[in-house]
């Protein structure tokens, strides 16, 4: 089946992530290497629906490996969630002679491709592009390493002020459903406590931790809080801690969208390059409905249903590491 | 009078700013160079009141030129605002044989030193250390250039997402009374509009600007808003714009405290080094009640009253530059 | 005369510098603002000679303000130094209806424009784009501030190793004729000694400085050496110091071309934006044979002959600052 | 046996690497957590020989997780290679009541510890701290990820100039025996060719690659060359390529020691933290003569002999990735 693939469409979908351009570049160059054609679809599935596509060659993707965001643009398409939208998409896919799709995005984007495949039998392979690292079937998603470093660099700056003023900083980082960013950036930035969605925390425990910190001689602290944590949000948590410890000089910072952008790290560029090539090779070997990922530093393909339904779990060793270091 | 100065106390006060350590290092080494002693006072005026001081030599300040924050720590002392507080401060100053003070901070810190001088005749020279650049008597304050670059790097990351998603980002930057950070970082990050405290703006004008932007073919925009702007805050502004343009995909980001930290830029390190030396030399020449600053790249001393009362004005050329570039 | 200007050609010439794109963007947008046309000339004067030009509008220069290098590319044209080359250039200039030129580059580029003007009476204004800061008529050249920060960040990394191993690092930085980069980056990176072309130095003096450093308790040192210094180059200097002090653990690093690239700093972006607009406004006011620059933070125009012949001098205050800090 | 461990000595040895401080911090805090004492040994094995040690507690290692280099300093001790040196070391070890050692360094440092163990039966665990990633028994060494990003950021800057001037840059990166840095940074920086010690290359092949690049429309190229490559060094290679292609505008850059320094990335900080804790836990469980490493994201212990003798091999998939992307 893969033998008949002569022309691949590639799109980026969902929230943008640093390294999407590197993945796109790899898809396009792998197509050239295997002597097939590659077409860029703009704005995610919207570009299929609106027939907004562009022929891509090796030179069209030059000097983008170091750029954040995605030159194809991305969108969350509501129309593609309707049968009518997908019908239009299929018509344009046929019109453009696309034999298969590479979908760079998160689980929402994969779900769309999966439904599309069931209805129209379009082969596709997904590439995990999201900063949250919450997709099953890969040790790392594209953009995650860059986001971690963005957070850590930001908290390094906050620590200057925290230390100079003997303050407690509560820092909200991204991660609606997953604590990977919070846990790893928290360890790396020397956080006193880290609140993540996967763990039941309480303001009491947090206060205990801050009190221990004070007793051990610390004059300032950083607390990292994932946006998906369950205690009511960073401002509410700060308020409750302040109610118990009015002597604390507390500041809240929400890092926000800066975590999604920026030039990708080396790790994200290499990961994206490998997965982009793997996706093309997979399609040419007749694979479909899979996600290309990395496990133990090897390329692996995971059934897309698994990638969507299952979730990576937080490593309990890391939670222990965080606790030991906060001593 | 300056001839009798044998021992100088140095403190950092008010909000921390990148480059304060570089200024401190310069003060200490200049003291050594001119064969006098230097004493570091911890936590701003609190350290005078609480007799929290440390003898400093050239090696005590090694490898701090590149560090944000202040190794002396800083604080806003409420006690120093009382006659009793200043009395205690003076007693410890005498006890430690301090002949003069170098005060690294903003106008609040200078006001304190000024009152202290009137009461106890303690010679002092101020060094402008604040990211806001709103102190009269110097073209640049220490920390301002670093803050600008922190903002610009952050907005560069946001632009990746803005462009990838065709979004409008409203970004709040520091500047309660002054628009220097907003105006310069706005120009440097290609902002479509910039709202500053010094200018009367309106949501209508902002919407006009965004509409012009759209008509000219722009799909995404950045709007930089100083925290001291007069329209009710970034969230309120975003709400009002959204009310008129529901089709806009708007996101708000408050950069917050990351703007205060970080390793100082080359410019801030050199500026801080020059002002630190100038302050010591000034005291040795018998100067007092002055602020050391830079004008047209030359060291100048400004009467501290002027430095406190007057304010640098926004350059109207820059406002025009911002308008032309937003075309 | 300026009234007749309807179409301006803009080129970047000589060595590339961060901020050239920001200047280009400002030229193009200022042209639009003043309702005239702008044409980009590729590869410096080569593009005039080879008729390699492109119509530019406000959207052609989007998202380049943060990019190093120059999207127009640059070259050192040998053909433009010949009467025949300039004749071809003039023919293509006429063919493209260009009424004036904006030349972004260094003194070599300005010299070319000057000769071209004498022969063909083509109005032009120069914009100083070079990292070396050695052009008379402006306090800062475009790219200089970025280069300084690149050097300082690199030396901050070297200092980690120098300190960890008790080593002496000799670091060569750019500056064939001028010591601005060396002197300022040297102060900002805490150098023990700084060798620049403008000063007569000797290996004896350098050794004295390193010996004093050792006596004062320093275990590691950084020495910054401008490439144009007069003692025979960084490797030779290292060899001679080693001959006298075999106990020193010396390492040499030549920073090289990384100093020319990178995303421009806020300062360079604002400077480039201001000068780009000023150049267009100058031409429209009938000005020619001038360089737009910044003095005391105001736009000034300097006769191009002066800009070429004269040179900014090293501020002796800075040399003293460097000496005091090395105590 | 591990039960009797009450006091652990920790040292950093060999070339410094970013993340060594994070590892040290983790060792010290893990000791506190498990209620034993930790002693820092300065200058690697030299500190044992010269009895240069310091008691460390949780607060002694505050705010170092983000610092490059090593606060304990490091050295390559020649005296420790002699029986006499090791005898002195053992005497001081006994005098300080050290029950075990944690050695943060490379294979040379592990060899020393191994011999020392054979002679004096001192339990130890090694932690791989070197930017080269060439130590068997771990997927990543501490400092490697930071070095990769330093290289990639530097080459990003060079690419600005390469593209603006249509140049070919030959960039030498670290890696005397191993091509990990070259291969991964080469992929991430979009290199046209990558020369590594593990592969037999030739100037012919390199020229072929550059010619193909030109034919495919590329006007500029980056070639990454590991210092341990077999063709005679970057300058010699550049000379030979120039001899065949005089039309190429070639520049050589040797990145040098900047690759060893800098604030560690998030990845290196987390890795170092995990390995530091693992080493202490290992010793407490009675383990010795092992290296703590990470494989497939799990802590593993490898016999130190294996870690010294065996070497990680370059992944052939990555070589293929590099080739495909250079199309």
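Labels A, B, C and D are assigned to the chains in the order they are written; within every chain, residues are numbered from 1.
Definition applied: a contact is a pair of C-beta atoms (placed from the backbone, for glycine too) under 8 Å apart; a residue touches a chain by one contact, two chains touch by 3 or more.
None of these values were measured; they are calculated from a predicted model.
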| item | value |
| --- | --- |
| Separation of chain D from chain B in steps, with touching chains one step apart | 2 |
| Chain A and chain C, separation of their C-alpha mean positions in angstrom | 39 |
| Centroid spacing, where centroids are CA-atom means, of chain B and chain C in whole angstrom | 28 |
| Approximate Å spacing (C-alpha centroids) for the pair chain C, chain D | 36 |
| Of all residues in chain C, the ones touching two or more other chains | 156, 159, 163 |
| Arrangement of touching chains [line / ring / star / complete / other] | ring |
| Contact pairs between chains, per stated definition | A-B, A-D, B-C, C-D |
| Footprint of chain D on chain A - complex, ascending | 22, 25-26, 29-30, 32-33, 58-59, 62-63, 65-66, 139, 145, 148-149, 151-152, 156, 159, 163, 184-185, 187-190, 216-218, 263, 265-267, 269-270, 273-274, 277, 295-297, 299, 315, 317-318, 320-321, 324-325, 327 |
| Of chain D, residues touching chain C in the complex | 12, 16, 18, 67-70, 73-75, 150, 154, 156-161, 163-166, 169, 251, 253-258, 260-262 |
